[in-house]
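Remarks on the structure that follows.
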Amino acid sequence: MTLLADLLSTVFDRRYRSGPAARDDSRPLPDLASALVSASGETSGLALARSYLDRFEQLDDGEKLAVFHDLAEAKNIDPTQVRNTLAAYEADPSKATYRAFMAAAEPPRQELIRRLNQVPGATARLVRMRADLLRLGRGDPALQALDLDFRHLFASWFNRGFLVLRPINWESPAHILEKIIAYEAVHAIDSWDDLRRRLQPEDRRCFAFFHPAMPDEPLIFVEVALTQGIPGSIQMLLAEERAPLAAEDADTAVFYSISNCQAGLASISFGNSLIKQVAADLSTELAGLKTFVTLSPIPGLMRWYTAQEAPPPIDTSEALRATAAHYLLKAKTEGAAPLDPVARFHLGNGALVHAVHAGADTSEKGMAQSAGAMVNYLYDLGKVAQNHEKFATEKTVAASPEVRALAAGAARAQA
Amino acid sequence: MTLLADLLSTVFDRRYRSGPAARDDSRPLPDLASALVSASGETSGLALARSYLDRFEQLDDGEKLAVFHDLAEAKNIDPTQVRNTLAAYEADPSKATYRAFMAAAEPPRQELIRRLNQVPGATARLVRMRADLLRLGRGDPALQALDLDFRHLFASWFNRGFLVLRPINWESPAHILEKIIAYEAVHAIDSWDDLRRRLQPEDRRCFAFFHPAMPDEPLIFVEVALTQGIPGSIQMLLAEERAPLAAEDADTAVFYSISNCQAGLASISFGNSLIKQVAADLSTELAGLKTFVTLSPIPGLMRWYTAQEAPPPIDTSEALRATAAHYLLKAKTEGAAPLDPVARFHLGNGALVHAVHAGADTSEKGMAQSAGAMVNYLYDLGKVAQNHEKFATEKTVAASPEVRALAAGAARAQA
Amino acid sequence: MTLLADLLSTVFDRRYRSGPAARDDSRPLPDLASALVSASGETSGLALARSYLDRFEQLDDGEKLAVFHDLAEAKNIDPTQVRNTLAAYEADPSKATYRAFMAAAEPPRQELIRRLNQVPGATARLVRMRADLLRLGRGDPALQALDLDFRHLFASWFNRGFLVLRPINWESPAHILEKIIAYEAVHAIDSWDDLRRRLQPEDRRCFAFFHPAMPDEPLIFVEVALTQGIPGSIQMLLAEERAPLAAEDADTAVFYSISNCQAGLASISFGNSLIKQVAADLSTELAGLKTFVTLSPIPGLMRWYTAQEAPPPIDTSEALRATAAHYLLKAKTEGAAPLDPVARFHLGNGALVHAVHAGADTSEKGMAQSAGAMVNYLYDLGKVAQNHEKFATEKTVAASPEVRALAAGAARAQA
Amino acid sequence: MTLLADLLSTVFDRRYRSGPAARDDSRPLPDLASALVSASGETSGLALARSYLDRFEQLDDGEKLAVFHDLAEAKNIDPTQVRNTLAAYEADPSKATYRAFMAAAEPPRQELIRRLNQVPGATARLVRMRADLLRLGRGDPALQALDLDFRHLFASWFNRGFLVLRPINWESPAHILEKIIAYEAVHAIDSWDDLRRRLQPEDRRCFAFFHPAMPDEPLIFVEVALTQGIPGSIQMLLAEERAPLAAEDADTAVFYSISNCQAGLASISFGNSLIKQVAADLSTELAGLKTFVTLSPIPGLMRWYTAQEAPPPIDTSEALRATAAHYLLKAKTEGAAPLDPVARFHLGNGALVHAVHAGADTSEKGMAQSAGAMVNYLYDLGKVAQNHEKFATEKTVAASPEVRALAAGAARAQA
């Protein structure tokens, strides 16, 4: 462990040692980008990269948009070049011709982004740059194409093999914890005391993925409650006055909140690995854990419900549960995927729809989005792979017999 | 620092937790590769990736070669596909058409390598896989093209921004130190006592680059001696009985050995950054350091010399020094770069040829390769960028007036 | 550093590994104590010690008092034994006779406390035990004598050489930070936001002493503001809306709050070392710092003032300042030490009374204790030893000419 | 863990920050000692302490002896003072009278040693000072008495509760490993390769105790072999060419070497705790371990044997084993303890004599001290406390029936 601790302490040092701001190169950013892409040496490259990042961050949105357009258009592939190098490669497949094709088939902006990343601390800055791009580029095909290049590189850099899973607890640094408060997207954390209630009791856990090049930034985190039996109410789960359970008495781990932290890492998927690794780690630590389950919102339920032509009444718990089950199992996107985004995520991971609860989230948000209904997705570690496979290939939604029966009842009611 | 230490300790844990070997998938490796590239979920992907790596490592060279040929041929780009998607993109440049082109223009083997890298600890294994490829693929154009894909991904993963510079000293872990002994390529370390002499005295330093995903493997390291004045003999520098200098009395840092550690990272350049960062760090720590210089071998001198038609005699120190100076400044490759590989490296970094010494390396190897001559390359931090620029653009070799005069003398002698 | 990090991680592990509670030994605690003191082996000793601590902590105050009385009386020295062994030692001074005297001259309760300390994590529990003793033993000579034994051992265990100075900042663990909030004794921290304002800006610092055997418990901490010039108002220093100063532009470090954290370590002095080490460390880090000064309350001023027979009016700032100066320089305890406890502390450390301010602490507490007056004690690192010496030997209070003049004015006014 | 890592990194820093040597106080060391004991402030105290330690370490043995005599005589208790303060305390037992007695009953040299320990890094220096004292003070009653004071303080500082158990392995720092090589006292380690064979295979372990104030110095370490069954030959256990066992296949942990590292910590017992904690930790890690046993030398066998009047022949393995068993069970010191020091240690810890082997240590040393015989002491964790108790109170030596029978046979042979 010792060298590793050292390694990372260096990363840290470097943040503070990155030195005085480079004297700015006053060329327009597009020229700077061109110079950087063609710079032959690392030395001059680093100075150019530093200038580019420093200056980009001081731009207003209009100026940033101009920079993105420069990347999207002037630093794009040259189709003629692609065609010519491809032809040469086909005629004579050699190292040299393949290298030429590779160079032509990849837009120069990819090399630009890689070179920007050589600046110490640049990774987090590039993630923020992409967040700007996603925000400003909506609906613009050229900028959406540009985003594919960012995404391609980020998928490689944020490869699962490079991520590090860390427990987050009451002994974690405050500057990390305040990010947990800020990023919690499902059930808001409204104070440090609220945070402590989610971290300190021995029946509460939290885990996050980090990347060594962004050690101060959680990428995604999951909050877990250890319980006896599967809970059906988030308010009871988070009640202030509850008595904590001894961790070794728990039989169930409930993933009750999963939050992505970085807008600039949209579509780089981590949640899948996170849940499975946390489940695996917890079952190693606590032999009593037998069930791994979520307590999840049904964010699209009421939107879908009110859009129905003749929606059945949901004036009883039972009716609401049946409608929710039906929605989760039958409501589909045009591509035949589940309409509910949270359902898509967990079913895609290999979970199954285990139970549906009424009166489970009585917060304002919970009532608005799903009339208070929530759902447990069950991660049966022995069946996850098979569920996933069927879902991926045949679009089969796995569900417990009970939920299946509920949904069938709803269908009958509706019929 | 605290979180960082934690982060890395996790990396470590994971190595040992990666769990029992996956049950091997018995399909032929080419089929496994195809399945992995097209796997839609991470779960099944991870199991396939693990099997592929495990099984590859048990192959003999002939079998490995077959695997590489599968990658080179069956997992190559499909030119028709590239052409078609390119045409579609040109006709209607949108996110979808660009995505299709990107997918077609990148050979599936790149995605394969990225997916293999999701296995914990895979990065080091892929580096070894490339070492096999370089060894087995020599002279085969298809395999050399395949290597460009490995290299392309490694350049992205081993981006300077992800590397960590660490001092190596007598408090470093033994399993790292034994690798320093094993990898030292310039002046062999023949025992732990010899190693201690290069690490423990306060006028000796060693630094290495590491990558967080391979924390037990130095990538490249440099050995430094702190001296008063510029030394002209490696045997005197490394003499067993010498009295160490107080570090704060040194005015010169001598980079007397730079060794790459990973055959599988050939052509991924780190040395450039390493020397400059070490020079910068040392000058921060020790205000007295004014001169940063190498004491370098001239590995190609005698090979070049004996190939000359009418070589001038080198029967005196002066004659040898003049010949060496001439060789360093004037002997060129077909591409007009310096013939000597070490000269190419340092001049490419922006150093200049500062002084040439006879009788500087009297070891058997030193006598054989350069008749005992060595050279100091000077890193003048204020001029490195400019030297580099001139070298890169005009092939100008920077040298001190003294060396320039020596070389001129040699030219006259030869004329 | 590596081994050290390891060392401490072990300490941590051990806290959680200390295992299930020992099965309680049901003998009365006095008998348990006797058994523990005479236990010959560590094994049985550890079990006894664990039982004793576990059971003590479950007692109510009356029962604890009984335990303390047992220690004070039944585990006290035996004067006859002391006299006899002393006589034997005088008659024949040998290793054996000296050993017998040592054993007799030390009350068995000291050995008891040392043996209790063998239980992992016991040190913090013994500190809490002494806190109980101080609280319950007030006014009882036998218990006060018992306390001297605790204090004697604690002074040895909490020796300055064993303490570790740590910066406390916004990257510190939350469970440490909440203790800073709880223990701040001078200017209350009323929320996590307030805490952040004292830790995160680059012109704010905080340092604490820790002991390796109680790594989760700060022993004492000091809060520091970096400023230009010496401040005369705590409210201005802590204003929410102020703009932080660049740390390297500061010329002054202001120690504006020092808080002891452990009631059970009363009279074990750390503050002295803390201020001096922090001053030394800060001056190494920030070359611009020239002045090290406190901004301190004058807690005893109004109590003393209202006790005067014919107090001069303090209806102007000037009058208040003169009165405060007079109080600080002239008001004495029976032992001729300064009457004000904060003054005693800083003057005893070698500081001097540098300036007195009216309207400097307008909080309710500040107005009540000193009518809003505060004082700067100056730590002139070059004169601290000499000031200390004069204060210790001649009771001389060092003060600036300005304060001296103020105090003289007050004396005239009073005359 | 995070704070802890920080804590220790500070300790480390401090070693290098302890700053330039204090300007030496030129007073004779006895005067310096007196000044230090009576210094009222920490500031001047620290400077005096530093001078004292620095100057002591430069003395030759004769001068050191003089310093020790000063401590033994001039800094001893004053019997009159003891008697007077004792009388005053008896007459009026109060805090003040008890404090006065405590001060008089403790020799000033104890306070001196505590104050010396305030210097950063002093603990290790004081341990070396005691090593000098033990070496130079042999046979001198006054110096032996002085040693009791060192020992008294060290027992308090090196309390089990302050020690940290660390695994030593091939990833440990080289400067620690070279100390393991140097300190191994039982079966010499003759090279780094030999060391690696004892640390790196998965069936080999090593653990050491450290003290946070001496993080670079192991205090005591134990080497462990994981085996199937109880071994009867050290040469087979350490054979170079053996195939390592998978750790989880082992049923037995063999403590085959325990070495104290610090001469200056003689008589401060750690070995007892070390074996038991290591056994507890290993049994947690490896569920298959059922037997914890030593493979120990019998250092006193031949010395005792050759001193017998009519020793029975030991010309067969059986005769040798019987004689060894007899020696271990029956040969006693004057105080009725086992004559063999290693037997005393393990039996005192609660182990029992499990088996005796001939031809078990065929090294020169093994043949000389015990004609090649070795012994297994068995730590039966369920009976250790009871064995210890009987040994401590009734001097009963626990042994297996087989060893008991062997010893009885020897007795018959001898009779």
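In order of appearance the chains are A, B, C and D, and numbering begins at 1 in each one.
Everything below uses one rule, namely that a contact is a pair of C-beta atoms (placed from the backbone, for glycine too) under 8 Å apart; a residue touches a chain by one contact, two chains touch by 3 or more.
Note that the coordinates shown come from a computational prediction; the quantities given were computed from them, not determined experimentally.
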| item | value |
| --- | --- |
| Comparison of C-D and A-C by number of C-beta pairs in contact, larger one | C-D |
| Of all other chains, the one whose Cα centre sits farthest from chain C | B |
| Same or different residue numbers at the chain A/chain B copy interface, by half rule | same |
| CA centroid of chain A to CA centroid of chain C, Å | 48 |
| Mean-CA-position distance for chain D and chain C (Å) | 35 |
| Where chain C touches two or more other chains, by residue | 1-3, 5-6, 9, 171-173 |
| Chain D residues touching chain C - in the complex, by the definition given at the top | 1-12, 40-44, 47, 77, 79, 82-83, 86, 89-90, 93-95, 98-99, 101-102, 105-106, 114, 117-123, 141-142, 144-145, 147-149, 152-153, 155-157, 159-162, 164-166, 172-173, 176, 210, 212-213, 215-216, 269, 272-273, 276, 348-350, 384-385, 388-389, 392-393 |
| Of all residues in chain C, those that touch chain A in their complex | 1-3, 5-6, 9, 170-175, 177, 192, 196 |
